[in-house]
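Taking it in order: structure first as structure tokens, then the write-up.
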């Protein structure tokens, strides 16, 4: 009961809390509303989606737009059915490409980042900047020579072409993320392991990397997103549903004759779900992983 | 003695280069050649439509840029676009990161939402905003009308300023998450003792922010600045889907013009020259950034 | 230095190992460009109705025993991808070509002329002159027709009737007056819609308006005349500005609308008029897709004086790659697709018209009873045929700077529609752009 007495005495308007919640709600709305709109549209019939005023909640909810990806209706097969037909394949392709990119990136970047964080060597700064420099040249400048290169290697329309290109895109940044995180891992850990006569690889595998997990997660998610979102290279390097990724197919929706808004929205939602799940699964580690990197050089 | 003293760093150097070798090989094989090639092409008259007219012209492509109206206008649009996008991204990301750094109910949910736009490919982002900004059936029109803020549906993207601002907004939404993560990560490492000390000194919230948070966040902020500058300079897919660069030249950024020059006009020589100007500008800004870090004395490589 | 002998050896070893590895890499490729050696034809096209194309190709393989590897390519990036393929070596054997791209692709050594090959003269004698001109470059013939279309005024007769209008407009003045009538009757706020968002495709409606009034932007030497001897362009621009900003009958939202939303608006009775391809009427009049079904009619493009009439056409053609190793088979495929069959009938052209209403280049088809019957479902056959006869292609398709000019023109017209640029300044700036482009390409 004592609190009842104390409250009037110490009562102050909790401005900080109010501001905090107002901001939180405002940001939540800003972040979610645009996406909510395409989610809502993806469950609508075409007529409802273009209604004025808009139906904020689907008035005749339907799964038709999604089911169409598995069994295109007759009407869908007739008009611009190709993008619809390719959507499931492109999701599979995007998943494979993005996951492989993340894995390959981790392997390559871990080696490189380890050298920057643990070894003093000449040219290290030049090399670091050089890595970053390769990212400063806009993709459009290298897309045609890159295409020709892939053609010579016979890699057009394969996963490997995309995995290799995205790996080179993501590597510079992942090396930076990882080197900073590795630095925050105490050296004593490895030295202790070495005293226990673990080999270098054992030390890395069973002692160093587990501790560095948040950094690895951050780097992997970054590489995954880079691969998942890229459009222009995918457009040029792929041509069939054997390797087309989801942004390429999504672009088809934009230009296809007679595409329905609602089907496009459904494809858009499907394009967002896998990376979103990944980001949500790892969100804690993601922030931890970036933490070391962003504070130190 | 001298030999012995030098052996140790040399061993490290060899080891370091060996560790870097896989990454370097992949990058050298796949990117170095295209990069060198594109520079070589930028010194040529090289239009894929007219292969017989190809020839080496030295720096003529670059010289022509000085009087190239399309290029100069696109450069101006890009500079403005980078400023607006960067400014909005940094301010919004900073506020959002500060909010997320507090403890409150629903924080986890808000963090999840903050990651959402990251998962959206630029093309899909453009398509999404196109349905929202639609002049006839768009959600923005619907919402503002129902709230009584406008009396009738507007065609938001038909004026130059409108198209520019709405495109920038769509771009900011898409690029926000990465900045938020970096800034939040930076905030999460500020030792609470620093705040406690400031509180004892009776510093107000604003003072605490200026004296403790900002200096500590300087480095992550600069990282955000540099990465987002690079991104905004090269932003292409969202703009392309949303406005195609119009109306007029209002949203024709240098990146868009470059893609158009290479892919639509198949002018590979001029397009490569554009690209190298973009590279040079990004490089200059990055050098400025690294210089700034050095002066701050906390750039330890 | 940091490079010691051992390191140099190591790098050298890597350099040797890589070329050796590349055949291994290529083994995992899906690339079918390497000739299969069985005479099969590599065929590429944009992805319009890919399933139907495949169906038609299967029929060809059945009768001719020639295999076809068909790859549909996203229409929005078709030109870029084909250019990239030819640049890299190993493009297709036969392919679709836009008339806009033809000159560039001939100059780029991608295509070979068809002159002297069996049946070609016959085809060129059987098609409309506009289409024949569009497929000819520097006196040589490069294609057989896939489809063609010309622009017309498309209107919603039901909306017109509600405003008490019984006849479509013959002049632009009339078009504006009718639209004002519809507007003031409260039927539609903006009765006229045209796609005017920047995009890489051509704005046929601008050309249709210019040709419709007997004008042109260029003379036959591709010298700009829009700011000198030909006043039509300026007058058409003045009309556009007037209709968009004074009488406000052209929808200001057009600046953010591509072709598809315009189609949707026509189908939803939200515009009374648009200027566009004839074949769109088929969709507009299709009850399964359109609320305006049965109400859409087609008319000649209104002109400045209401007397002269003309319009613009485009031609999509089948062409033969220069470097093909299966020339005979590829040409057989071309003939099947774009030529005449054993009965001297254009088999595939008819197939496309009956299936999808794609316009035909063959004059004889206009009187084919089966075609007339099918055409009647969505258009007046007489007007349809008349448009085909008076249509002509753009006369700048052969210049290398055409694409740049087209995009520049879009921006200028956007300025006219939004009252940023006055008509006289607009034509002057177009002529200026041509000058700059010509210098750039000289």
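Brief remarks on what is shown
By letter and in written order, the chains are A, B and C; residue numbering begins at 1 in each of them.
Criterion: contacts are C-beta pairs under 8 Å (C-beta built on N, C-alpha and C of every residue); 3 or more make two chains touch, one makes a residue touch a chain.
Bear in mind that the values here come from a model prediction, so they are computed numbers and not experimental data.
Taken chain by chain, the contacts link every pair, so each chain touches all the others. Looking at which of A-B and A-C shares more C-beta pairs in contact, the answer is the pair A-B. For the pair chain A and chain C, the distance between C-alpha centroids works out to 38 Å. Centre-to-centre, using mean CA coordinates, chain A is 16 Å away from chain B.
Shared interface positions of chain A, defined as residues touching 2 or more other chains, are 50, 121-123, 144, 251, 254. Of all residues in chain B, those touching 2 or more other chains are 13, 17, 136, 263, listed in ascending order. Shared interface positions of chain C, i.e. residues touching 2 or more other chains, are given as 2, 77, 80, 87. The residues of chain B lying in touch with chain A in their complex are 9, 12-13, 15-17, 19-20, 22-24, 26-27, 30-35, 37-38, 41, 95-96, 99, 102, 104, 106-107, 109-124, 126-129, 131-132, 136-137, 139, 142-143, 145-146, 153, 173, 176, 181-186, 188-189, 205, 216, 219-220, 223, 227, 230, 234, 236-237, 241, 255, 258-259, 262-263, 268, 271-272, 275-276, 278-279, 282-283, 286, 290, 293, 298-301. Residue ranges on chain C touching chain B, taken from their complex, read 2, 4, 6-7, 14, 18, 77, 79-80, 83, 87, 104-105, 107-109, 197-200, 251-257, 261, 265, 270, 400, 403-404, 407, 410-411, 414-415, 418, 420, 436, 441. Only residues 16-17, 20-21, 23-24, 27-28, 30-32, 34-35, 37-38, 41, 49-54, 107-109, 111-112, 114-116, 119-125, 127-129, 131-146, 149, 164-165, 167-168, 171-173, 175, 225, 228-232, 246-247, 250-251, 253-254, 261, 264-265, 268, 271-276, 278-280, 283, 286-297 of chain A touch chain B when the two sit together in their complex. Chain A meets chain C in the complex at residues 50, 75, 77, 79, 81-82, 121-123, 144, 147-148, 151-158, 160, 235-236, 239-240, 242-243, 248, 251-252, 254-259.
Chain contact summary for the complex, chain B toward chain C: residues 10, 13-14, 17, 21, 25, 29, 47-52, 69, 133-136, 155-160, 163, 243-249, 260, 263-266.
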